[in-house]
Amino acid sequence: MLNVKRIREDFPVLQRKVYGKPLVYLDNAATSQKPRQVIEALREYYESYNANVHRAVHALGMEATDRYEAARRKVSQFIGAPNPECIVFTRNTTEALNLVSYAWAQHHLGPGDEVLTTRMEHHSNLVPWQRACQERGATLKFIPHAEDGCLDLSGLDSLITERTKLVTVTHMSNVLGTINPVGLIARQAHARGAVVVVDGAQSVPHLPVNVQELDCDFLAFSAHKMLGPTGIGVLYIRPEITDQLEPFLRGGEMVREVWYDHATWNDMPYRFEAGTPNIADAIAFGAAIDYLSALGMEQVRQHEMALTSYALKRFRELEEVQVFGPGDVTVRGGVVSFHHPQVHPHDLGTFLDREGVAIRAGHHCAMPLVRSLGVVATARASFYLYNTEEEVDVLIAALQKATRYFARATERVTQAKRA
Amino acid sequence: MLNVKRIREDFPVLQRKVYGKPLVYLDNAATSQKPRQVIEALREYYESYNANVHRAVHALGMEATDRYEAARRKVSQFIGAPNPECIVFTRNTTEALNLVSYAWAQHHLGPGDEVLTTRMEHHSNLVPWQRACQERGATLKFIPHAEDGCLDLSGLDSLITERTKLVTVTHMSNVLGTINPVGLIARQAHARGAVVVVDGAQSVPHLPVNVQELDCDFLAFSAHKMLGPTGIGVLYIRPEITDQLEPFLRGGEMVREVWYDHATWNDMPYRFEAGTPNIADAIAFGAAIDYLSALGMEQVRQHEMALTSYALKRFRELEEVQVFGPGDVTVRGGVVSFHHPQVHPHDLGTFLDREGVAIRAGHHCAMPLVRSLGVVATARASFYLYNTEEEVDVLIAALQKATRYFARATERVTQAKRA
Amino acid sequence: MGQNNQPSGFGEVELDELFREVILDHYRNPRNRSLVSGSDVRAEGQNPFCGDEVAVQLKLQDRHVGEVGVQGRGCSISQASASMMGELLKGKSLEEVRRLAGLFRGMLRGVDPAPAQLEELGELEALRGVRQYPIRIKCALLAWAALEEGLERYEKAKKRNS
Amino acid sequence: MGQNNQPSGFGEVELDELFREVILDHYRNPRNRSLVSGSDVRAEGQNPFCGDEVAVQLKLQDRHVGEVGVQGRGCSISQASASMMGELLKGKSLEEVRRLAGLFRGMLRGVDPAPAQLEELGELEALRGVRQYPIRIKCALLAWAALEEGLERYEKAKKRNS
């Protein structure tokens, strides 16, 4: 079991007060907080060995290169990649998915081809494929899901056909919390010769993830959602598929030789890292991975499962509030989106903020999904390894208070009218 | 005049020793060092208000958004942009230039069109245009330069024709140090209706740069070369040209509304910032700009001009060494590339490293240019606001020592043979 | 913010500053809900980020606002602002409407209106607390931004026809 | 590294470790410069990052190296390594060549060869200091990597023809 009390001491921001109340940070699906080990890695880099990487003959440059490549190795081991050359550093999940779209889909989709995804994707795993399909004359198709937010795979056999060139699925929904059986889908997709992309933005931070078990060709995720800094993300590329990719961003670092009229490309993964990389943040991401690895992702998952169970139980006490997503925490991550019939999500968000509780309100970059839930926006609480049952209690108490506040306000208004 | 002694105290890494010798960091064209104000801005962000930006209803998110947008305003003022909406945050110069290539050139170049550039471009301002031209059937043409590294504009009138759709020029060469008359070229290009891109990677850190004076449509530069963190760069987009651009990266943040089958785009500059931005580094970049603004870019330029004059004078004492680029420091930045006929640049780099002197050796991501100089690689020393004449002296002394070392070694070898 | 130095003891007092009684009143009991047919000025606004929507119709008499219709759905701030706006507009000239829009926008952006101007804004003054919540300013301005666009379209069409 | 805790007093002593006399000798006086015509194994290597180049030719007799040619230009490390390699290869069987390549590669990657193995590497032992300079390891391996590729091509072609 995680020693959450000890862990919390590593996170300076958790000591912060908001409007005089202790911060209860429940917006982890948007971005996580960072332990001092990560902040310290940044400071150390900038104070003692900041330099541009690769091809440097001086001490600082060699050290920066060493550490940058060590971070790549850590990422590679963390997701069970066969080697570090599979790991391309990007800005975030969004850029990683666009990379696949520009470097693979643009060159392999044709008229009549199909791309298969789900109806619970983040905009970042939907809009790039809309464009790719549109430009290449392909069709975007969707795996349906049941009312409880679980994918309905009963028709998968007929959804994946020989026209299906690419299947892209989120490993965990950032709205419903659903954990999708990606490995199963991947095997069926591969059997039909399709390429498999996994959006791991929500899963890699919260579950043990192994690319060989998932059997995916691409996996995208962001450091900032897993204790790492902003500005650094990852695209895992299965070695066997490298030859099918065209370069994406062009410029320094990604070339081998350049003449005035043409150029040749560098090896993997440099071929996809054009220009000066985000060296400091990659190295600090390495520190985040060290931190997670020391705790153990299985432990992290256990903690969040317990916390989510507890939260779902407490939410059931709020009779008026509707919670979305699966009830079974074995197929659900620590994301709880909910609807309050009397209080608009934004009003709720503002109210909770004043109680020190940070949640998110809106469409969570999944407009079509949220629309399909019959609401225009939801409120969302999302957990991470440093959250506690006490914090869930604060959330629930604040929600009860909000209900009372807005009910009383309505009453006052009505009374005033009557008087 | 800059108080360099005081300034140096702000840079923790400059206190560092390398192999027991004080670090003499002369690799600033590759990346600059960072003052503690920038490092502190990162720490403060992560320790007290880290949160995802835009649409957050909680205190941390509002504060992060505020500071992120404040950084955009600082950048905008720093380069004299008409408003902050002109400023798109990218990862680096390379991504910014690729953005122009994907979002503008892909949609506006056609067969027979021409793109005009120079023969002294960094790979990042060459390879994207090679591709754009190739894919669109356009032709890449070059403005020649004289032996001393200054552009030869005598034929510009016939080089820019009505077929010229885009002119892209580096404001300062990272190999020769040449400062190009970009405003002059831009006016001629605009007169023929061409779009003007300026690679400001080397100029914005070292000179006062004003986009209205340059009269450019796009300006690209990187924070890491101007006291800012790695992982953040800028593309300035002239407001009048926005309507000609198609989206580039797609996903969260850059959309207005999304349905399962299509999407509409957000306003500028968000339309080009897909996914979670590099929030922390943008804010820290703001701190770097504050630092530079407080010193004054005119002062920075004066300091570097004086230092470069001094360096060129001292280099003339090294008879065997050949220095590239203009001799007139009014059209030359603080970059000194040179060739030692007896010592290979890599051997020189390694030797100087042992003396604590960090220089760069290689093709400096400008292979065709370096090839045209008749060498396969050069050694390069490049200065910034914290460098001193004493450091130039250390460099020159180390070069003299290297000359002696390799000459003596050769002699020993020859003697040994004779014996 | 930035440091942990907020005075403590905040809470419902400040919330009451944001969710003022009059705001909740307009939210629960929006005025002028009926669609005005045959209107001269029509405007629709959406904030896709929270799904808030408003629609406004004005009937004009001699460039003065006669009948007003306001519909919408969304958060308390956006809906109350729209409802109050509708009430305020009645009888005003188009020039006055534009001036009031400017005043209101200014107030939310931190330009404190003079007492006399504040009086002109009437109940809308209650939305002053919103400026502490940058994200909610867009909500408060939703109806107004839509109105201004509608007015512009109206004037343009008029010019074309004259 | 990482902290400012290097022992002071470094300098030419360590440089001498890198630029050993025998290295500079091979650099200034490269052996076997002449192109070998009619060779069985041909290999060319380039390191575009510093522009270094090598070309190697081997004439074989009964799968043993006979005549050797080595040409190139570049830094002291890449050129000395190539020149020493050429000397070492003479008379070795292809199997021995491959084993020596592995030994040399291992030494540069930090696997210390046993004393006997070190002896086998002969003068190439002098390049051991290069491992302190990761960026220069590629220089030291340039000729060897080219050779290994050339050998592979040779064996493949042989298989095809048999």
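Order as written gives the chain letters A, B, C and D; numbering starts at 1 within each chain.
By definition in this document, contacts are C-beta pairs under 8 Å (C-beta built on N, C-alpha and C of every residue); 3 or more make two chains touch, one makes a residue touch a chain.
Since the model is a prediction, treat every value here as computed from it, not as a measurement.
S.K.: Touching both chain A and chain C: give me those chains, sorted by label.
M.R.: B
S.K.: Name the chain pair with more contacting C-beta pairs, choosing from B-C and B-D.
M.R.: B-D
S.K.: How far is the middle of chain A from the middle of chain B, if each middle is the mean of its Cα atoms, in Å?
M.R.: 32
S.K.: Approximately how many whole Å separate the CA-defined centres of chain A and chain D?
M.R.: 47
S.K.: I'd like the Å distance between the centres of chain B and chain D, where a centre is the mean of that chain's Cα atoms.
M.R.: Distance between chain centres: 37 Å.
S.K.: Could you pull out the residues of chain B that touch at least 2 other chains?
M.R.: Those would be 16, 18-19, 48-49, 55-57, 59, 61, 257, 346, 350, 361-362, 367.
S.K.: Please set out, as single numbers or ranges, the residues of chain D touching at least two other chains.
M.R.: Those would be 4, 48-50, 133, 135-136.
S.K.: Given the complex with chain B, which residues does chain C contribute to the contact?
M.R.: 1-4, 48-50, 133-136
S.K.: Within the complex, which stretch of chain B touches chain A?
M.R.: These residues of chain B touch chain A: 12-13, 16, 18-19, 23, 25, 27, 30-31, 33-34, 38-39, 42-43, 46-52, 55-61, 91-95, 97-98, 101-102, 119, 122-128, 130-131, 140, 142, 222, 224, 229-233, 247, 249-253, 255, 257-263, 274-281, 346, 349-350, 352-353, 357-362, 365, 367-368, 371.
S.K.: Quick check: in the complex, which residue numbers of chain A touch chain C?
M.R.: 15-21, 344-347, 350-351, 354-355, 361-363, 367, 370, 375-377, 405-406, 409-410, 412-414, 416-417
S.K.: Which residues of chain B touch chain C in their complex?
M.R.: Chain B reaches chain C through residues 44, 48-49, 55-57, 59, 61-63, 65-66, 256-257.
S.K.: Going by the contact rule at the top, pick out the chain D residues touching chain B in the complex.
M.R.: My answer: residues 4, 6-12, 14-15, 18-19, 21, 24-25, 28-29, 48-52, 73-77, 133, 135-136, 139.
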